[in-house]
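Please find one structure pasted underneath; my questions will follow.
Read from first to last, the chains carry the letters A, B, C, D, E and F; within each, the first residue is number 1.
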Amino acid sequence: MIKAVFPGSFDPPTFGHLDIIKRAAALFNNLTVLVAHNTNKNCLFTVPERIELLSKMILELRHQYSNIYIDSCDTLVVDYMQKQDIKVLIRGARNVNDFIKENDLSYWNHHIDGNIETVILFPRPEYAHFSSSAARELLIFGKDAEALLPPVVYSAVLSKMRTNI
Amino acid sequence: MIKAVFPGSFDPPTFGHLDIIKRAAALFNNLTVLVAHNTNKNCLFTVPERIELLSKMILELRHQYSNIYIDSCDTLVVDYMQKQDIKVLIRGARNVNDFIKENDLSYWNHHIDGNIETVILFPRPEYAHFSSSAARELLIFGKDAEALLPPVVYSAVLSKMRTNI
Amino acid sequence: MIKAVFPGSFDPPTFGHLDIIKRAAALFNNLTVLVAHNTNKNCLFTVPERIELLSKMILELRHQYSNIYIDSCDTLVVDYMQKQDIKVLIRGARNVNDFIKENDLSYWNHHIDGNIETVILFPRPEYAHFSSSAARELLIFGKDAEALLPPVVYSAVLSKMRTNI
Amino acid sequence: MIKAVFPGSFDPPTFGHLDIIKRAAALFNNLTVLVAHNTNKNCLFTVPERIELLSKMILELRHQYSNIYIDSCDTLVVDYMQKQDIKVLIRGARNVNDFIKENDLSYWNHHIDGNIETVILFPRPEYAHFSSSAARELLIFGKDAEALLPPVVYSAVLSKMRTNI
Amino acid sequence: MIKAVFPGSFDPPTFGHLDIIKRAAALFNNLTVLVAHNTNKNCLFTVPERIELLSKMILELRHQYSNIYIDSCDTLVVDYMQKQDIKVLIRGARNVNDFIKENDLSYWNHHIDGNIETVILFPRPEYAHFSSSAARELLIFGKDAEALLPPVVYSAVLSKMRTNI
Amino acid sequence: MIKAVFPGSFDPPTFGHLDIIKRAAALFNNLTVLVAHNTNKNCLFTVPERIELLSKMILELRHQYSNIYIDSCDTLVVDYMQKQDIKVLIRGARNVNDFIKENDLSYWNHHIDGNIETVILFPRPEYAHFSSSAARELLIFGKDAEALLPPVVYSAVLSKMRTNI
C-alpha cells in the first residue's frame, strides 16, 4: 500500500488544489492533504479554518474517493511523513519557477529521508495560473474569486469576510 | 492496482533510466518500461537490441522488484497505454527545457485520453546531466562511458561496437 | 492608422492562431495574417492551401472584424512589412522557450528596420499547448484534432487527407 | 480609438521606462502612464513626486507624442482601466522571470475584465538590465545613476537627496 | 597577476562554497573570499564568526592553495574590488534563477567599473542544491547538516547552537 | 601559467566572439581560439577560411593582447585541451537555453577530464542576440550584416559572396 501526502498552505484551498487532490487520490492508495504551517507567514485563515475548508471541500469527493484524509503539522513535512510512514510527496509545478523550487525541495527532503519520493503533477491549463495568493489578492481588492474557489470554500470565505467587518 | 509505463528511446539505457525505473517500480504496482519508436530517428541500437539491454539491466533488480516488464511499441504511447489499460505515464525532467517539453506532451496525452496521468520525477543530481545522446556521443568519440551505463549495458555496447569494426 | 502583421507557418492554422488573430484585430486598425514561407521546411499544406484555410477561418469573423487580410510572402517578414508599410509585428509566446526565441527575432527585425515593433501576446491558457506541429502529429497518428482546429480547417484537413489515400 | 495604459511603480522612472513609453505611444492612440501604488511597498519617492518626475520626463516628448498622459491610482490597475475605458495594458518583459510574472498577471487581469488585453514589449538590449530598484541601489550606495535616469529625473533625484541630508 | 574575489554571505559557508573556492583558486593567482554584508539581512552568524569559519575551512587547503585570503566589507563589492585592485568577480550559478540574477548583477558591476569582469562557474551536480539558507533551515529544524557543511564549519555551528540554549 | 581555450564554430566570427576573446585574453595568460569542427554541420566557411578570418580579426588586437592564438581541431575539444595542456574552457551564455546547454557540456567535459574547468562569461547586452547563425541568415537574405561582423570579417564575407556568384 502506497501512502502519499499533498502538503501546502491552502490559505485558502483553490480549484487548482482540488484538481491535484483528485488526481493524486486516483494514483495512490491513501492521500493525506496536509496543512503545513512550519513558517510564520501571515495567513488569511487559521490552521483549524483551513482544515475545515479542506474537509468540506473533500466531503463532496467522498463517494468517489474514500482514501483522502486531512491533517496539519507544524514540523517539517518529512517529519510528518516519517511518523505516518508516508513515502510519496505530491506537488504541482505550474511554471519554470515552481520547477526550480520543487527540484531543490525534493533534493532536501530526499536528503533527510532517502525513502521519500517527490512526485510532480502538471496543473491542467485552466488552473495553471491559480494560487492561494491570487485568491487572497482578489478577495482583498473586492473582486469575485468564485472562479478560483470551490463553492464550499467560497461561501466560507465570504461569511468570514463579512464577520470581520 | 495502478499500472504505470515509463516510455523512452533507451538508445542505450543509462544509469539515469535505471534510477527512474527503480523509483517508479516502488511507486506503482506494475511498471512497463516501453521502448517507443514511433519516430524514425536514427538509432544506435535496434529495438530488439534495446529490449535485450533493458531486460538484462532489469534482471538484476528482479529479486527486489518483481513488477517490472519490458515492451516496445511503434504507435503513440497513449495507444499502447489504452490497449494495456495503463493509466500512469512516468517521465523524468532534468531541467527547464525538459519541463516545458513534458508539460506539452502531458497536455496532449491527457487530451487524447482523459484517464492518462503524467507523473514527473526529478533525476537525482548525480544523473541530472545523463542522457542516451550523451552516452552515444562519448561512445562515438571513443570515450569511456562506463560511468553512464550499467555494467550489462556497457559490456553489450562494447561487444556491439567491436563487432561493427 | 496602425497596421499590424501576424506572420507564421499556419500549417495548419489552429484555434490558438484564431484567438491571436481576433485579439490582434481588436488592437490595431488593420491586420494582415501572413503565411511566411522563406524556409524550405517540409509542410503538410501548400501555401495556397494555407491561404485558403485562413481565408475560410477568417470569413466567419468578417462581420465582427472587417480589418483582417490574408497574404503570403517568400521573403523575410521585415521585407514584406516595409513594402506594405506595416510597423507592428504580432507574435504569441506560450512559454519560456518561445519568449527567448521571439526576443532574438524581435532584436533582428528591429535591427534591420528600426521602425518595426514586435508586440507579444500571451495565449489564453486553453491554447497554451496548441501548435501546428501538435495538430500535424495528431493527424498523422489518426487522432482526433477537432479540439485544436477551427471547424472549417478541420473539415478541409479531413477531406485533404481522404484525397491523399 | 485604442487607449492603452502603462502601469508601474516608477520609483524613479528610468530610461527603460522612457523607451517603453515612446514605443507604446507610437502603437496606440492614447497612452496613460500610471503610477500604481496599491501595495504599501517602501518607496524612495512619494506618488506626487513620481507623477512630477514622469511629467517632466514626458514634457520633452510632447512635440513628438501629444498622446501621453500621466495619472496615478491606488486601486487595482483593472479598476482604473474600467473607469477610464482603457483596453490595453502595456508591460515590458526583460527576462524569463518577468515573462512568468507577467503571464500570471495578464491572466488575472483578463479574468477580472475579459476586455482587457495585455501587450508585452521587449526592452531594447541596452535597457534589458534597467530597473527602478537598480537605480535606487546605485543612488543609495552613492554611485552614479546618470546612465540609468533621464536628465530631468536625475537632477530631481540629486536635489531631493541633497535636501534629505 | 590576476586577482579574483568570491563574494557572498557565507552564513554559514557550505561544501558548495568550498568547491567554488578551490576551483577559483586554481584559476587565478590570488583569490579573496569576501564576506559581503552591505544589506541588513538577518544572519545566523556574525561577520567575525563567518570570517573565522571561512578561515578554518581554508586552513586545510593552505598546503595546496597558498593564494586564498579571507576578508569582509560593508560596502558594495565593486568598491572593495577597486580599493584592492581586483578585476575578477567569481560567482556560482546553480540554476536558471541564479543565471538571471547574476546576469543583472554582472551588468551593474561592469557599469560601475568597466574593468570588472564577472566569471561564472557551474557548481558540481552534487552541490547544485546546496545553499546557506538550506543549511540554516536544516539546522533550525534540528536536522543533520553534516553533508552540507565542511567538518570545521559543522562543529563550530553545533557548539554555537549549544551555547545559545 | 593558466592557459584557456575558447572553442566554437565561428562560421563566421562576430563582434560577440571578438568581445569574449578580448575579455578572456585579459583573464588568462594564454588564450587559444579554437575552430572546433567535429560535427559535420553544413558551414558557410571552410575551416581554413574561418581560421583566416579569426587571424585577421585578432591581428588588430595584437598590440594589446599578444597572448591570443588561433587553432582548429576535428576531435572533441577536451582531447585538444589535454594534448595542449589547457585547463580552462571559456564559453559565453546569452540566455537561459545557452545556460542549460553549457551546464550539460561542462559536466561532460569535466567528466572526461577532471582537470578541465568551464568558465562562463555573460555577453555584453549589445551582443546578447548576436550569433553566427543570425549573421548567416542576414547574409543569405541580402541584409546588411555590418553591425554584427568586425570589418575584416565583413569584407572577407562580401568578397567571398561576390566570388560565389
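Rule of thumb we're sticking to: contacts are C-beta pairs under 8 Å (C-beta built on N, C-alpha and C of every residue); 3 or more make two chains touch, one makes a residue touch a chain.
A quick note: this is a predicted structure, and the numbers were derived from the prediction, not measured.
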Subunit D and subunit B - chains in contact with each: A, C, E, F
Most distant chain from subunit A, judged by the mean position of its C-alpha atoms: F
Subunit B-subunit E separation of Cα centroids, rounded to whole Å: 39
Inter-centroid spacing, subunit F versus subunit A (mean Cα positions, whole Å): 49
Whole-Å gap separating subunit E and subunit F, where each centre is the average of the chain's CA atoms: 31
Contacts with 2+ other chains: residues of subunit D: 96-97, 100, 103, 107, 125, 129
Each pair of chains that touches, named by its two labels: A-B, A-C, A-D, A-E, B-C, B-E, B-F, C-D, C-F, D-E, D-F, E-F
Subunit F-touching residues of subunit C, taken from the complex the two chains share: 38, 75-76, 79, 96-97, 100, 103-104, 107-108, 111-112
In the complex, subunit E residues that touch subunit A: 95-97, 129, 134, 137-138, 141, 143-144, 147
Residue ranges of subunit E in contact with subunit B within the complex: 96, 125-126, 128-129
Subunit F residues within the subunit E interface of the complex: 2, 23, 26-28, 87-88, 93, 96, 99-100, 102-103, 106-107, 110, 117-122, 124-125
